[in-house]
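Two complexes come next, and they have one chain in common, chain A, joined by chain B in the first and chain C in the second.
This part shows the complex of A and B:
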């Protein structure tokens, strides 16, 4: 696949508290591109990692507005311009009749574009990613700092991970 | 856990300010004066304004019980700390019984089918006499009013009992009562709306009418609930038990049901507009005439488009003053909605609004406020011994 996995340092933690503390610390140390890997959503992780609000809702909104207006254009052009049909004596351009199509296209455009944006934002599809530790999908937690992060220094990071109480520290790809 | 929540929980006994007490009693006094003046001077206006105000506030009270019931049925954890607010809204329910009985005095003024002379000459109404007759209506109103009183007593009563006993079984029992209430409510409220509002124009019918009324009921009840939640927070009665995260979630609910209302309102309109059958279109023709067209359009803009866009951003649902404005707007528009359902049937082509409408609204709002004040004075504002309260205390909305 096109996704290139980055080499870096990973630390394994045993508890939720430890990983939250570690994420806080790593953020404080000035790392920007690190990731926390947990088997389930951990409360407070967004703040701990300093994750900003997602930009996907804006995509959904803009594409929704676009879908709505294109629905209007489509129905107007087909029923009032290109092939006007007299339906029950109603005006060719009858907004109430167009609203269902405008509504459906709003939903279609914003839903599909948010899924597409989600795939883009998360770098999906990630087929067969490198496994840092097999227990990360079950009951262990990890922090991964890629090599291209600001201030990357293996010795310093190892010391920090040890001080945070990591149960294992290793070089890994993610 | 994450430590993102303040651990200082603070709950005071609620004591309404003297100003609020005076205001609600003044409202009731103005309402009673309005009622008496109307009885002597203008019965037609009195009963239409009475019906609108009575139905409007009944919706808020019943909506409180409906919200409580869905939380119980869903075994929701996040809402346990705010459930008492919606339970407080049900304190109005006994008044529904009294209000229905008083309404019976105005039946002849309001409903064409209650007048034998009108029915006799109209085969379309004659065909509906088996359902639309005073005797059966009284039975239906009584079943509805007593039923909601019964379920309200059970569901809210169990919750209040838990405050002193802490018995977890009460929570389990409430699941069953709440399922019963939702079934009873969905049927009886539809018929209640058909009886009180749709039958004002007995030749007209819309099969979606009950849901239309329900959507307005739930939208306005959520708006009212948010206002009480913010009020209790601002008064310093509750601190920590519910946070802006809970308000945010109820505001999401409010936005969802703003869309739901528009969806149902449009479904009703579009099918009637498209099919163009005279016995269905008469309803909209009355509301497209003269001054009523402006009211009809105001519903579209102020009950849907503006609240929808204004509640869309995340920040809007977490900003207390912005949310207050939106909730008040929705509550005003819910009144306009019911007014719009009732008045064009009586005043073709011209809008009337004045002393009677305002005084009747104040009467019921005053009663609603004072029953709620009594409820919260007597009971704790948070269901402190609910077994799921700890879930609500750590409730956190992630983006």
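This part shows the complex of A and C:
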């Protein structure tokens, strides 16, 4: 997926506590488009960055309902409408026997579309995206503020990062 | 408050965790691994040749014939599908119950699930006898009417259940690995590794917004997999229970099958984990004796559950007053295949009771031997269910024994070659413990990590 990467300022932090504090501070300073990069999901980061609850469950629910109804439609249409066959004298539309199919399709549709939703939400797959530092998927943490964020001022941001105890500050594209 | 034992031993730093887990991917394989891999691969090749012979000559090579229309292939299918269930139980159900200890075994257990389902999935496809026509199993518009599949048949439910299960568990497994692939990509010194893991990681960067969606998706997939895994073995049991055959036609089958599946799967997880601990000694800090002990407790508990199911089946056969039902069960324990019944009872109910002793629960050699017994016992459980019911039904003129051939043996043994080849490759190519999931729990038991 073609994503335009933005230039901006990045600060590297060494610990989980430091990155949480930094995220809180950056949010307090009024930045809106910043992001925190961590090697694992850090507890409390959503509150610190002011991230809304993910919308993926809505996709899962709607597609689950869709999968369930398509399971019902498929079994009903094939068994009772398109080519009804008398099997052991059972009703053509034998709903109880169709429940397993409807259930499996509910799960299948819901699971696969939730994954598709994640791909959409995170802009995956990306080909060779710029990374700020290779250790950010291992043991370091970072905050990135893009240049188009409100109140972007390189000097001010650098000072703030330094005060927060950043181990490195650099201009980066992300 | 009771003090928790650490989940990760040795006060690891974040960097050490990455290095420990990625080490098998980044280093050359040891002689031990190579030896195991070559043997597994030989067995796999042998398996492929056997299957080729069975497909080209016909199902007659196996012992299946009237009245035993189902034999090794179906028995071994249920066996492998059951093995897979423990992986989903660990990765999804224990995740929903917030069992933090699951973290270090979940990845490998899920890999076991995927490979076990792949191994299992071949059997029903080949058992049709004409595997090149297997697309008939799916409802697709055709020029024969269109003649649709029979949605009232449990065998068709099985097609949907197993293919959904295979798809969802593979996706769940892969999504779990995406951040770890990114870790390997960013550490890669050589270009090929960087490219391969870069593609596998899908360009993951781990921003807070991404993690927020990711964690939600993981929760959703766990929530979807949990009922899915229960439904799959329920539907597998319907293959038997929906028929009118005495010994199959019982309402206890769905929970009995699910408990048995979890039991056998944990047996296999313990077998594999002892190997992993020997092969990669550094992993002993992540897959600790405490982990093994917890799994042994589950084996013991589910062993009691299947024991209860065996007893309950006998009670119901007697209590029902149905002479055919009674005859089948008396024949099951005392008839021509009585030996297999007692192998099953001793391996599944009696031997796991040794785990009441803490010393035994925490002894690697003993738990390894017991887990092998569990695997043997659970294969025999499916043998008992399938063969003892089929070979001795309503009419004495319809009775007959299962003519086991060398091809039955070859298929059973060979399927382990396929499974182990895939599993051994996995251990070297993919991070065998979830790096991103283990890091948040590294301080549990050290007075921190109380998220």
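We take it that the second predicted complex is superposed on the first by the 173 of 174 C-alpha atoms of A that agree within 3 Å, B and C clash if a C-alpha of one lies under 4 Å from a C-alpha of the other, contacts with A are read in each partner's own complex, and residues count from 1 in each chain.
Throughout what follows, a residue touches a chain if its C-beta (ideal position, glycine included) is under 8 Å from a C-beta of that chain, and two chains touch if they have at least 3 such contacts.
Predicted, not measured: the structure shown is a model, and the values here were computed from it.
Overlaying the two complexes via chain A brings chain B and chain C into a clash. In the overlay built on the shared chain, the residue A:86 is in contact with neither chain B nor chain C. Look at A:47: by the touch rule set out above, it reaches chain B but stays clear of chain C.
By the touch criterion defined above, A:122 lies against chain C but remains apart from chain B after alignment on the C-alpha atoms of chain A.
Of the two partners chain B and chain C, more residues of chain A are touched by C. In the superposition on chain A, contact is made by A:100 with both chain B and chain C.
Once the two complexes are overlaid on the shared chain, A:20 sits against chain B while remaining clear of chain C.
Working note: chain B versus chain C after chain A overlay, options 26-34, 332-340 or 386-394, clashing stretch identified as 386-394.
The interface of chain A with chain B overlaps its interface with chain C at residues 41-43, 45-46, 53-54, 57, 88, 97, 100. Chain contact summary for the complex, chain A toward chain B: residues 20, 41-47, 53-54, 57, 61, 88, 96-97, 99-100. The part of chain A that touches chain C in the complex is made up of residues 23, 35-43, 45-46, 48-49, 51, 53-54, 56-57, 60, 74-75, 78-79, 82-83, 85, 87-88, 90, 94, 97-98, 100-101, 103-105, 107-108, 110-112, 114-115, 117-119, 121-122, 124-129, 131, 134-139, 144, 174. Remark: chain C residues 13-15, 18, 139, 145-152, 154, 156-157, 160-161, 164, 167-168, 171-172, 175, 179, 182-183, 185-187, 198, 202-217, 220-221, 224-225, 227-228, 231, 235, 238, 435-437, 439-440, 451 touch chain A in the complex. Interface residues of chain B, counted against chain A in their complex, comprise 1-4, 266, 269-270, 273-274, 276, 312, 314, 394, 396, 398-399.
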